[in-house]
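Both complexes shown next keep subunit A, but they swap its partner, so subunit B is in the first and subunit C is in the second.
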Partner chain A sequence: MDFLTTYIVLAEIYVLLGLSTNLLVGIVGIFSVSQAAVFGVGAYLTAFLLMHTALPFPVAVLLAAAFCVGLNILVTLPSLRVSGDYFVVTSFGIQLLATAVFTNWTGGTGGANGLPGVPAPLILGHEFTEPTEFIALTTIGMALGCLCFWLMMRAPFGALLRAIREDELAVAALGKSVLGAKVSAAALAGAFAGSAGGLYATFLSFVDPSSFDLDASIFLLTMVVVGGARTLAGSVLGPFVLLALPQILALIDIPTSIAAAARQLIYGLLLIVFMLFRPQGLLGEKL
Partner chain B sequence: MTAYLQVTGLNKRFGGLQALRDCSFTVGQGRITCLVGPNGAGKTTIFNAITGFLVPDTGHVEFQGRSLDGQSPQQIVHHGIARTFQNLRLFADLTARDNVLAGMQDHVGEGPLGAIFRPFHTARALAAKQDAAMAVLAHVGLQDRASALVRNLSYGEQKLLCIARILATGAELLLLDEPTSGLSGAALTEVMALLRRLQAEGKTLLVVEHNTRVVQQIADDVLFLHHGHLLAHGSPAEIIADPKLAEIYFGGTL
Partner chain C sequence: MLWLNLLINGLVWGCALGMVAVSFSLIFATTRFFHVAHAAVYGLGGYVSWSALKHGLPEWAALLVGIVVCGLAGAAIQKLLYERLDRRGATHLVILIASLGLSAVMQNGIAAIYTSNVLQYGLPWGNRTTIIGGALLTNTQMLTVVFGILSYLGAMWFAHRTVLGKRMRAVASNPFLAEITRLQPRQVHIAVMAIGSALVCIPGVLVPLDLGLQPFGGVPILLTATIAVIAGGVGSISGAFVLALVIAVLQNLSLLVMPGEWSIGITFGIFVIFMLFRPRGLFTG
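Moving on to the complex of A and B:
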């Protein structure tokens, strides 16, 4: 059963990333291709804090999430000056920069070899080592994330963010602060991605740059596209569908060397097919 | 007596084009003032300058005796001035009601923290805002279309919604950029009736208008703009009777 539990734990972590990406890209229309970088910073920072300080797990994750709030505001700020397609280029650059740091800063991140031996979460004297235990943490994390997302989207804040996506100038003409709303959205997306990173690092007890590279960012976008942009249901369904794919491929008896390439191929195909035939995704808002 | 809205000596140059040239005029409280002039006369540029979307090279704008110089569009709405756009700029994928909601100046629930940590307070505020939005929609005659997406509204309904959206801001001075363009028949009559009703309720309207028949019917004062300069002002009858202005307006070479 470990197989299934591991799948659920990872999918639940990716739901937080789906919320993060959907909030920025789907709801506000800030086309970020660097969400994996923020995810990575959350993971590395949590790993570092747990390995080198005596901070308890919840505090370490909260600190990492808080740091990612600031970081995501910083990397999203260019979207206030360069809009639409141009921001993709900026965001692309940020992602490449992050990958370079993850890979080359051997002192902090362990470089390409990664950081092994991240301690398992210890809460109230209980150690969450097994996937069957860890699932409690990720389920709570996912539920909290979904609750926040739902509360925000049904509040006037959600309507304001959608309005910004459609026409920033008109929002300003109605006396609303576009800057304030965008910064808030970026902060939340950072908190989601940062805490996802914390859970990821402690669950795998190992972090390396390959989980946080450009492919990973595009994977997050694929999740949102397939699951469905702009909705809570889409952000939840996407990760569960896409992460099931490697499991299904594993059941078919093909060599591992081909499997990895086949996975990328299928993700790419999915992205194209959905864009062409069902741009709103499985459970997204009709575009 | 200080004017309600006082525009003094506005100049704005875009490269080789002098969009506004020493442009000055006043708008009286409670009146419907129509801004007319040939295409490219600077009518929309004036709107942009008053509402903070454009910083003039020189000149001042004063509203109720307070200077608006250097203020952001956001601050200017808080002073009680709101504008519509010639190309509407509605939120096409939102419902009519949510478009109006976006104009409301009660900011409860518009931040993420309030939305997350005070969910019940936010829900109550939202319900109150939705009621208020419905009232605004009813005011312009769109109550039956509240849950329709903007892109499914007729052009006439969209024009009305533009006005509803800025009414929601509670602004006293409404700047309407061609509220009747593209309308005819019943839809035109409806917008004109709405403008008069707003005036009767105490709003002040500054309206860019091309249709001389509409100007004659709704305007108290007319401002005639040419090459970014105020060429003439007066009652609709005076402006329309001036052969020189008619020549400019209908394709003269002056």
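Moving on to the complex of A and C:
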């Protein structure tokens, strides 16, 4: 069952992205529509390191994740200065800028054609080429991500982040550092997105701009909303449900020319329907 | 003389962008939430007019059909989606996500019906040129300038001289006071959404006259217009229009030093500078 394994591997990678988006949007309340951009940087950077240097796979992914930590802090920083709706504009801008870089910087990213031939992960002399082998890596990645998220939510730090969402001024008045908390949350979200990018690039052995555009960011948001914002269970459930959707759509006879549009349309519809009738998603808390 | 051509192109493009900015400014200043789906309404106008034209209507009638459909769509979006959410006490985040969803539904709906290929209006008169003061202008460009200035003046007249416009500004400046003095903010919101959506249809048709129709073409344009609205100062129609002209001219002049794919970077740079040094915009106290 290669097909089922591929689905699980991809869903597990998207769980990491779901955690990243959920942390920013759901828990801290920073409305980011540029998580796909950070994901993309992680993917491209891992691909580049593995193709052009002799670094082993774990080091490459760690480097990419570390770079994404810095990047995500940088793109989230404006949210300290501009509030709410203004930050959305910033976030949209970052996403469009990232797509422009991925598509036009032919030297580094291969442009619209993407980068083919990313080598498979090589750990302790074993090469993870088949989905049935790769699943071990993504499962470990997902488990680590979930553990981090779970520990953070139980810790006082989790409570602090939730308090910032409810009333930033009150938190500041209590003498807590809003800046520090937001930067730490952005760093963690960046690490999730970056390592997801590394896994994604090596699993597909190919990266191209279309996986990291605005639609991809909206897809991440849909995942979090449908699964349920603000909870670990929601972030895990969302990707598994939404990635199964195209398979179900494949059973209905839609012309291939409109299949992509139809899929994206359904994601949009899900966003509206959930916001109208069930803002807490399947397993989340009320937004 | 390259820079003169770029300057003129910038001013023309600025007029188109200015119309989007003014329409978005009316909506954003009054309802106070980020109506992302405005980008999709912009796209809707172009495609509806294209269909009307292909069904044999004359150009002016096709534009009028587009304007009416957009106006109705705007009112419907406010009444059926935003107002419902608002009545349930939904947070801005919830409304924003719903708006993003609506935008995806409308744009992909258009892509599914008309395919995502570029469609042309195929009106030969649009590309005919005239020389005015040493510069070469197409008919489409002249129409854009005329409509741009008319839209700006119309919006100013509407906001400052009509009863509805005054109600709109009252709701924008203090929703609570407007509610208790029976200015009926909810009705004002619907009216403003209808007017803003009808207005955005004009650039939605004029811009594709040159560049062709694309289902997702509205997103970068709306983003640029939003930056003009914020940098100009939310609620200031003049601020939105002037900043749209400035951004468009800078985008075009930047072509002298860097390739066009990076113009989004210029726009975004302007926004970051404003956010750092004057977050409330130029045209506010």
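Criterion: the second predicted complex is superposed on the first by the 285 of 287 C-alpha atoms of A that agree within 3 Å, B and C clash if a C-alpha of one lies under 4 Å from a C-alpha of the other, contacts with A are read in each partner's own complex, and residues count from 1 in each chain.
Rule of thumb we're sticking to: contacts are C-beta pairs under 8 Å (C-beta built on N, C-alpha and C of every residue); 3 or more make two chains touch, one makes a residue touch a chain.
Not measured: the values here are computed from a predicted model.
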Field: Which superposed partner A:97 touches (first subunit B, second subunit C, both, neither)
entry: second
- prompt: More residues of subunit A are touched by which chain, subunit B or subunit C?
  reply: C
Touching partner for A:152 - first (subunit B), second (subunit C), both, neither: first
Message: Taking the superposition on A as described, I'd like to know which of subunit B and subunit C A:136 touches: first, second, both or neither.
response: neither
Message: Just checking: does A:59 make contact with subunit B only, subunit C only, both, or neither of them? Give me first, second, both or neither.
response: neither
Message: Which partner chains sit in contact with A:74 here, subunit B, subunit C, both or neither? Use first/second/both/neither.
response: neither
- prompt: Is A:262 touching the first partner subunit B, the second partner subunit C, both, or neither of them?
  reply: second
- prompt: Looking at the overlay, what does A:162 touch: subunit B (first), subunit C (second), both, or neither?
  reply: first
Message: After the superposition on A, what does A:244 contact: first (subunit B), second (subunit C), both or neither?
response: neither
Statement: Both partners, subunit B and subunit C, contact subunit A at residues none
Statement: Contacts from subunit C onto subunit A in the complex sit at residues 32-34, 36, 81, 84-85, 90-98, 100-105, 108-109, 111-112, 115-116, 215, 219-220, 223, 226-227, 230, 259, 261-262, 264-265, 267-268, 271-272, 275-276, 279
Field: Contact set on subunit A toward subunit C in their complex
entry: 25, 29, 31, 33, 78, 81-82, 84-86, 88-90, 92-94, 96-97, 100, 103-104, 214-215, 218, 221-222, 225, 257-258, 261-262, 264-265, 267-272, 275-276, 279, 287
Task: Quick one: which bits of subunit B touch subunit A in the complex? Just the residue numbers, please.
output: 51, 53, 72-74, 76-78, 82-83, 85, 89-94, 98-99, 101-103, 105, 107-112, 114-116, 119, 122-123, 125-126, 129, 165-166, 168-169
- line: The residues of subunit A that touch subunit B in their complex are 148, 151-152, 154-160, 162-163, 166-167, 169-177, 180-181, 184-185, 187-188, 285
